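When the chains are written out, they are named A, B, C and D in that same order, and each has its own residue count from 1.
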Amino acid sequence: MKNTLDKALAECRKFTSEGTVASYIPELQKARYDALGICIMTENEILAVGDCDEKFTMQSVVKPMILLLALMDNGLEKVRDLVGVEATGKPFDTFNYSDRALTGAHINPMVNAGAIALLTLINGDSYAEKFDRLLSLTRTLADNPSLEVDEAVYLSESQTGSKNRALAYMLKAYGMISCEVEEVVDIYFRACSIKVDCRDLARIALVLSRKGRDPKTDKQLFPAEFAGCVNAILSICGMYDGSGEFALNVGIPAKSGVGGGIMAVVPSRMGIGTYSPALDKKGNSRAGVKALELLSRELNLSIF
Amino acid sequence: MKNTLDKALAECRKFTSEGTVASYIPELQKARYDALGICIMTENEILAVGDCDEKFTMQSVVKPMILLLALMDNGLEKVRDLVGVEATGKPFDTFNYSDRALTGAHINPMVNAGAIALLTLINGDSYAEKFDRLLSLTRTLADNPSLEVDEAVYLSESQTGSKNRALAYMLKAYGMISCEVEEVVDIYFRACSIKVDCRDLARIALVLSRKGRDPKTDKQLFPAEFAGCVNAILSICGMYDGSGEFALNVGIPAKSGVGGGIMAVVPSRMGIGTYSPALDKKGNSRAGVKALELLSRELNLSIF
Amino acid sequence: MKNTLDKALAECRKFTSEGTVASYIPELQKARYDALGICIMTENEILAVGDCDEKFTMQSVVKPMILLLALMDNGLEKVRDLVGVEATGKPFDTFNYSDRALTGAHINPMVNAGAIALLTLINGDSYAEKFDRLLSLTRTLADNPSLEVDEAVYLSESQTGSKNRALAYMLKAYGMISCEVEEVVDIYFRACSIKVDCRDLARIALVLSRKGRDPKTDKQLFPAEFAGCVNAILSICGMYDGSGEFALNVGIPAKSGVGGGIMAVVPSRMGIGTYSPALDKKGNSRAGVKALELLSRELNLSIF
Amino acid sequence: MKNTLDKALAECRKFTSEGTVASYIPELQKARYDALGICIMTENEILAVGDCDEKFTMQSVVKPMILLLALMDNGLEKVRDLVGVEATGKPFDTFNYSDRALTGAHINPMVNAGAIALLTLINGDSYAEKFDRLLSLTRTLADNPSLEVDEAVYLSESQTGSKNRALAYMLKAYGMISCEVEEVVDIYFRACSIKVDCRDLARIALVLSRKGRDPKTDKQLFPAEFAGCVNAILSICGMYDGSGEFALNVGIPAKSGVGGGIMAVVPSRMGIGTYSPALDKKGNSRAGVKALELLSRELNLSIF
């Protein structure tokens, strides 16, 4: 497996030149565009190659965390009352859902509007408390109590987050959320700005692959059924409107973020985290996807 | 003409029962649903029947004022750089412009997004000043220096204006405006809340029908060509996505607002103002439209 | 007026280089791209400059004829039951009407789907007879009994008409038409291929400007109200999704076709026909539009 | 496993009353609405309960067969040049792909337009031959040489197939297919009308679950990688715009048809075929889906 990882690193770094580092959040543009890190974590071993020490912000990779906590706090039914689970056929930040009044059926937990809506379902007396609980869950799953928000990215997101504010006001206009928009988008920006590395993502994915059981203690960190929910939704729409292509070429539940990270879950077997900030046109890490294609092919990871 | 007006009043009040008073802004719901007022103003006479003393807020009827002031301050070319002039085929407050990135071509001055965008073009060191200039122009055209904002409606709009905030943030997200969203939507809500009656609307329409010349002094209040611009755009999209139907049945440039008012321009001949707060499904005053149909038929007002 | 016409010809021919001759129907590509002809017809005179002897096919300019005959055969109400009158905000041949099931409200008589639907309303025991009646009406209005179908263009249209067949089957799928698709599209292709020149279009427009009264005999060729209907609908959507721009810059009801013709109606005053086959991006004759802008400006033709 | 099957039959037949038998093809309406059959096939056993002898037409369940044969005849790359693999977010027979010109990226092999496009890729000197090869493949995978077209359903589809003809002409209009529309839709209607029962579907699914190896002979019936392709695409969009919900609640690749059948693939483990003609709003067999939910829960079938 180590050889395959080395091969993936050697063969896939060149694909960074085919992508573009996200620029709509100015702070993200500072990333080293040809970085590539890959970490595989199983119950027994941790293999990490390349730039696995490089830190990056979760961005959309935090969406499965938001979904998971919303499920833990409310159960599936209440979550499903608020948001749908179908692919939208459209980019993750689109306004163009339909000719009809917006309903939950038009969105899902992996598009921005869906994630923002789900944040309002998280328990907590204040939005600060909701965020603390989300950060705490992320730390637990990553087994890394030192995870923090990257303040520079958070500020950059907050200052340039007109699209997310528009989406949140749209949710409010259609009665899907009722809170103060600035409060909910503030913790959305914070959540997107949680700083991780490949190991953290691999660890979170490993817990999801084990249906919520802690790899060390075997303690159930959350109900097993919710891992199934998250993995199913990731397979449908975790890789933006490139999820079908990813199912075809890789074949495992995964979530990417415009920060360059991908968290990939191989059910019952392993968790994988990759990092490479140059993105393809759909917003997925170009070299990360190529590395996962190679790993899937050589290690027979596809669930199909 | 007075007989025709009386007939229109007598025959059209019954149509108020076919409409619904706007409820999305709570304060608007307080309107007396079966009110109907009609005022015709020509160079020589003012005829007013029915509830012409009833006050109501301009709502979308202020959009031609915004367009006119943006034209006066910037000229046609700069206005056209920011917004299009085609009917969108969609409701006035829709988000669903296209599968593509939003551009000016997707909106026009008579949909909310277009009017909000145009407000940013109005001269003034502050948004307060921009609004004062808009109110001042409206007072001049209405020949009524006492026009004021209805504070209760303004507050109601501001508190429930999520959709307009969403539209404004969407404009900002696509780089079409760069100001603070709260500042521009605040004066948009104020502009919509200017309180008028049928006479005010008829007077404004009369000035537009005379290509900007003051009915009393014959002074040119704004360049004649801008009256042509406003009238042309009203005929294309002044009556929301019912503008084609209105062209067919009435055949004159007009603008309606969800407050119940309609301002109708009969080029070279007269201005008409109607008020009746019960709206049809497209947001146009039901009895107001029926009254204009009757007037157009009996007085041969259609320009086609 | 003759001087103005000469000026329009001299100043506007250069705009042919900004357009492109339609190529989706191969036969149309044979047109001489820099041709420009302009004809003005009033009750008293006929002025023609430039390439007014050049023949071209009506293409979409036949749509007002189809609408008019459908109105004459059925009345407005039945026509309105089948098709709407609002601008769609989309190109004339688009499939993308809505997320909902197609209804008449999604189309209008000036988009292909609407014109095809209206052909089924024309009286006649066979589609051959329906077409003969349409050709006959067109000849009468053009005062030109020699009008015929251009067989080469008709064959070219028929062979490449997949989009129109798709639209017709879509109408059938949604129960809006029930005839054989091949029959109705066949006469649609024939109708589009009727060969005319600028004088023919000016004459048809003149009749419409006189509300149906024959310029020579003053005989009412069709009910006056239907002229109003046609003119109103032309002003809303006669120039494709460039109708707003045309209202702003020219300000008269008009219909263009991809063959290069424009028929423009100046109510109560005159009819204008222009021909220049190089089209702008929306499918309107580039030099024809520019010529009409100049004529409108210099002769004060705008109805607004 | 037999007990679970019996339980599924007993508990799920009641859900037939929540669905509606397809009526847009008149012949389909004749189905007995409360029928329910379930068949599980593994390498070692065949379990069948309920109405497993009832015959029904494949309808959209034939789409994976079309995709598979297109892959076998052309390879993945050529298939991907013609059609996309992303969920469209829209019903399977929609016209409303986008505001842009139609491209392969707007469709996928599981919507009608995509399946029709792929039929043109199948080898064969004539459309009759293409169809014979498709029927032959289906017989081989079902291990049932007696499979035939239901002529009554085929005729009914052909007579009422305006929407599919519209889609095919749309594909032709955008240059995605170049054949005669009537020829390709004719074999599409035939393919949809192939008559099967639950055992046939379970057998086809079993071969897909074994990556193409024949359950009896272990002979590779088609390249293993193509099984992975088909299964991946089924998981993304096999259950129409209810694929996300199905992934969440069942979690296995599956394809449903409006004839009432569902073919479900449990990778490496089994194939399942269900039949119950009453459909939910998205066009999936209501009782079939409920039975698969129960089986997945009790037999731990989910791949997530």
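By definition in this document, a residue touches a chain if its C-beta (ideal position, glycine included) is under 8 Å from a C-beta of that chain, and two chains touch if they have at least 3 such contacts.
Bear in mind that the values here come from a model prediction, so they are computed numbers and not experimental data.
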*If you tally the C-beta contacts, which comes out ahead, B-C or A-B?*
B-C
*Where the centre means the average of the CA atoms, what chain is farthest from subunit C?*
A
*So what's the Cα centroid distance for subunit B and subunit D, whole Å?*
54
_Roughly how far is subunit B from subunit C, centre to centre by C-alpha average, rounded to an integer in Å?_
32
*Centre distance in Å when subunit A and subunit B are each reduced to the mean of their C-alpha atoms*: 46
*Provide the list of subunit C residues touching at least two other chains, using ranges where the numbers run on.*
90, 98-99
_Please output the residues of subunit B touching subunit C within their complex, sorted ascending._
84-90, 108, 227-229, 231-233, 235-237, 241-245, 247-248, 251, 253, 267, 302-304
_In the complex, subunit A residues that touch subunit B_ = 90, 94-99, 102, 162-163, 165-170, 172-173, 181
